[in-house]
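Given below, in the form of structure tokens, are the structures.
Note that chain A is present in both complexes that follow, paired respectively with chain B and with chain C.
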Partner chain A sequence: MKKRGFADFFFLFFVLYLVLPIVATTLYAFSSKWNKTILPEGLTFKWLATLFQDAEFIQAFGRSVLLSGGAVGVAMFVIVPAIFVIVLYFPQYEKFIQVAVVMVYSFPGVILAVGLIRVYTTVGVPMILVVLGAYVIGILPYIYQGTRNSLRSVDARQLLDAAQLLGASKRQAFMTILLPTVYPGLFAGALLSFSVLFGEFVLINLVVGSRFETVQIYLMKKLSSSGHIASAVVFIYLVLMGLLTFVIALLTKRSKGVTNI
Partner chain B sequence: MSYIVIEGLHKKYGHSTVLSNIDMRIEQGEFITLLGPSGCGKSTILRIVAGLTDATAGCIQIEGKDMHDIQPKDRQVGMVFQSYALFPNMTVKENVAFGLHMQKVNNAEIEQRVQEILGIVHLTEKANAYPKELSGGQQQRVALARALIVRPKVLLLDEPLSALDAQIRKKLQEDLRAIQRQLNMTMILVTHDQEEAMAVSDKIFVMSNGEIAQSGTPTAIYTKPESEFIANFIGHYNVLPRQVLEKMIGGVLPGDGLKFAIRPEAIHAQAMEGDICFSGVAKQSLMSGNVIRTTFEGECMFTMEQLHQRGQLFEIGKKYECYVAKEDVIALS
Partner chain C sequence: MISKRQSFAWLVPFLLLVLLFFLVPLLYMVISSFSTSKGFTLEHYQSVLTNDYILQGFKNSITLSAISAVIALIVTLFAVYAIMRFSESAREKILILTNLTSNFSGIPLAFAFIVLLGNSGLFTLLFEKWDIGALSSFSLYSWSGLLLIYIYFQMPLALMLLYPIYDGIQQQWKEAAALLGASTWQFWLKIGIPVMLPGIVGTFSVLFANAMGAYASAYALTSSNYNLVAIRIGALIKGDIFAQPELASAIAVLLAVTMVMAMLLSEWSIKKTRGKL
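Right after this comes the complex of A and B.
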């Protein structure tokens, strides 16, 4: 009984540790004044309204969506087909992808940024494209896991074989059978990658900086000028991430049941 | 010329030989079974016939046409997979109609043929269900219907019943055979279950280590095993070395075979004229359905099987005289 009480206490402590900053930030985004009291003295939408009237924020938001979405889009067109081919037809080469996946995790952002700057500043490639390329590689683990798990869960190779024996070409089998079957997993991987990239700060800040201001750089700037605005930015970011997580959970649940999306 | 001819088929993966010198001749409307333990290469033969795997050497002809450069989609070969490979994003009806859509058959004919085949496999009421809403047996029927509807020249069945429980499996074996006879379709079944092979086949090819160990009708395979492997794999044969058996019967056996096989049901307790006699102490009796399997210990261990209804119960620990007809003692090569 005593042990249980101890465990409950620690559980509660960790929940508070994780939730309290989120709740406090959200409250601060809606508080008119919150300096000397335990709870805000009043609530307001002023900071959110200010934020949405700020063209700089809208542009930063658009850049973040463009950059993250662009990287995910490129990954979908370049990496996903490669993973399909390797998993289905050359499984012996999968070990190389797995090594690449681990390498992505093993490079700290700062080191990666310094490396990219040293290599590409002299080449003449726009640095924003360099970051985009790094992002495409950076989301390899999420894209790879999502795609591979989807393919394995439906025994994709056998589905392709079955479709071909029924008279379908490889392209028809891929488009009519495989893609609709693995699409929920692919989409979940894409959303996860998008949310990870949307929150990325180190690489974009060090390589490009304020020349291409994203939401994270905008947030960094606002932290020193207005805590309320910065909290409002975090709130919007949390809402967006919450929505993405909800959609991912929904897709994952649907893909486990009858896949009739 | 035979309907399907397989000649000198070889398959290697790196340095490992999976199939070696496979020759088969199959007539139209025959139900053929490739029987063998896991890893003996039987599924590889199916995949090569279907065009899903390339052979290292050898040739396959269907209706006199060499299949070497023909794509799987153009071979007119149907296949039912072990895991059924039903398309999870399609209903039963859509799964079954898929092949006809690929052949660009008109919608009215598709509808009529789908209803007809669903009737044959008793799944008309499940037409709008998704595969995951069906039992294993129903999924197997959908896979069969989907393969049959395109009227393939040959239907390949890769252990389609192995994931089902015994009762459903037996029912589906009967259904499969009935459908095959009804449509007069050439079918090649792969299985490791000798009872299944015996139940459905016109001809069995028993495989071992990538080679055909013996082929023939189920009766020929069962009653005349040519090797110890066949005798052990096909049933509960008693395989006895010549010296031991000669010592047991107190006489000399004809021929030069080093080992002999005796079917357990060929051994009986009542003497008949010309029978070979040997004795043993009853050690264990096990009932398996309507069969009692009794193990005796004489010069070596041997087993006798009797039907339960007429079977004599043996007292464990007691010595008995056992008999077998001379023609039931089969010399092995």
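Right after this comes the complex of A and C.
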């Protein structure tokens, strides 16, 4: 059919457009020399080795993991219980959370950065804590989505009531029945949040700057000095994102399986 | 009831965080955009709206966002049409690829495009070798270069938003239309597209807002040289020229207003689609 071929052409373009930059950067990360020829002149592991011997990079990586992981950790202890409480006990207020989700999702970092700097530079709070706080709120949409989806698919209210009817304490019901069932969705939300924060540049760059060098800031610095090292950083970043995406896909599949019980 | 009050305690830290790191900064920003040491004023807005450079930044941002949104939307609309006919496992793989690439934005994405189209990029060399004059004068560090990058990060988002909208078109409708003698073209023209239209408009405004707020890719490519609203705000608050924080606040408020308007349009049109389906 003629029209089918037409749509397939766009599909091909779509996939090529998305894949080509990834392939080219990966190739660049492994090429010994590649600035006068169409294809690299030779392949090497030199750049990756150099990168892993660079203490600055290792530290930057550690900072990124610490900051993103810290924010996700705080969100798990602050946001997740709040969503549980609202969904289970105050469903009439859920629309407020939804409004907050839409607002957080749609306000870009560059606007929030102005407000954060205006409020906190004069107060004397370490700015890195301000970014951490903003990160915790920034991942609200992903955490909410993950928690909400898994709560919806198991009908948490009924499950808790049933457990208590059979003699479980409130705490027992929550810890042994509800938490394990929503765990895959929650974990997927946490990983997604982590991967989003790991790529965050705007807030950390504008609010804190090079005083707290994350992987993104390290990459920005290398962009002008060494293309090969930069491509090695991007390659590592892509591998990490690929792994996270893969695990998230597996988890989502599993939590969808729970629905069928 | 004790248990309710106890559970309410779980909400306090959450509300506190929202207040401290979201609502208060935004409110303070709005207030400071309207104030001087003497009190209420509109002078910051006046200086934004009479400053040709800042206005040009708005114009650049709006055209870049709108055009990248339209192109990504058109490509993805047809791509999703093709994807819908694939097997379930193939569709799943495409969605995973899309999820992966949706994280590929900002600085890493800008770098990937430098590898492809930068001064000694793969395609730049190809164009020179083949001596394609029009293409070899292409510069990644310009409006059209930014457009390519913006299209890149818009497409995965467009796919994720359009996918469920396509899913809403039911096979039975197509069969019913075919039974009544409609061709495929007629079905899409008279039924499919009108049903999806509000959803498509909604997707457009989400994409538009997404691009309006984007900062990192443009910053990585042109540092503060290319004039976009987000870049202007960044330059005003980052170190060097922070003498006018109120001005940055006013620009940020105007940017927020543009985006809120786009989002409201999307809310409204998505509600309209839901009503129809």
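Keep in mind that, in the parts below, the second predicted complex is superposed on the first by the 257 of 261 C-alpha atoms of A that agree within 3 Å, B and C clash if a C-alpha of one lies under 4 Å from a C-alpha of the other, contacts with A are read in each partner's own complex, and residues count from 1 in each chain.
Keep this in mind: a residue touches a chain if its C-beta (ideal position, glycine included) is under 8 Å from a C-beta of that chain, and two chains touch if they have at least 3 such contacts.
Everything numeric here is computed off the predicted structure, so don't read it as measured data.
Because the two structures share chain A, they can be overlaid on it, and in that overlay chain B and chain C fit beside each other without clashing. Look at A:Ile22: by the touch rule set out above, it reaches chain C but stays clear of chain B. In the superposed model, A:Phe10 makes contact with chain C only, not with chain B.
Touch criterion met: A:Ser195 reaches chain C, while chain B stays clear of it.
Shared-chain residue A:Phe107: touches chain C; no touch with chain B. When the two complexes are overlaid on their common chain A, residue A:Ile79 makes contact with chain C while staying clear of chain B. Contacts of A:Leu250 after superposition: neither chain B nor chain C is touched.
Contacts of A:Gln216 after superposition on the shared chain: chain C is touched, whereas chain B is not. Applying the stated contact rule after C-alpha superposition, one finds that A:Met175 touches neither chain B nor chain C. More residues of chain A lie in touch with C than with the remaining chain of the pair chain B and chain C.
When the two complexes are laid on top of each other via chain A, the two nearest Cα atoms from chain B and chain C are 10 angstrom apart. The contact sets of chain A with chain B and with chain C never meet. Residue ranges of chain B in contact with chain A, taken from their complex: 50, 52, 71-73, 75, 77-79, 81, 83, 85, 87-89, 98-99, 102-103, 130-133, 146-147, 150. Against chain A, the residues of chain C that register as touching in their complex are 3-4, 7-8, 10-11, 13-15, 17-18, 20-22, 24-29, 32, 75-76, 78-79, 81-83, 85, 92, 94, 96-101, 103-116, 120, 122, 125-126, 129, 151-152, 155-156, 159, 184-185, 209, 212-216, 219-220, 230, 233-234, 237-239, 245, 248-249, 252, 255-256, 259-260, 263, 267. Interface of chain A with chain C (complex): residues 1, 3-4, 6-11, 13-15, 17-22, 24-25, 28, 35-38, 78-79, 81-82, 84-86, 88-89, 100, 102-104, 106-120, 130, 133-134, 136-137, 140, 170, 195-196, 199-202, 205-206, 209, 216, 219-220, 223, 227, 230-231, 233-234, 237-238, 241-242, 244-246, 248-249. Partner chain B is touched in their complex by these residues of chain A: 154-155, 158-159, 161-169, 172, 177, 180-181, 257-261.
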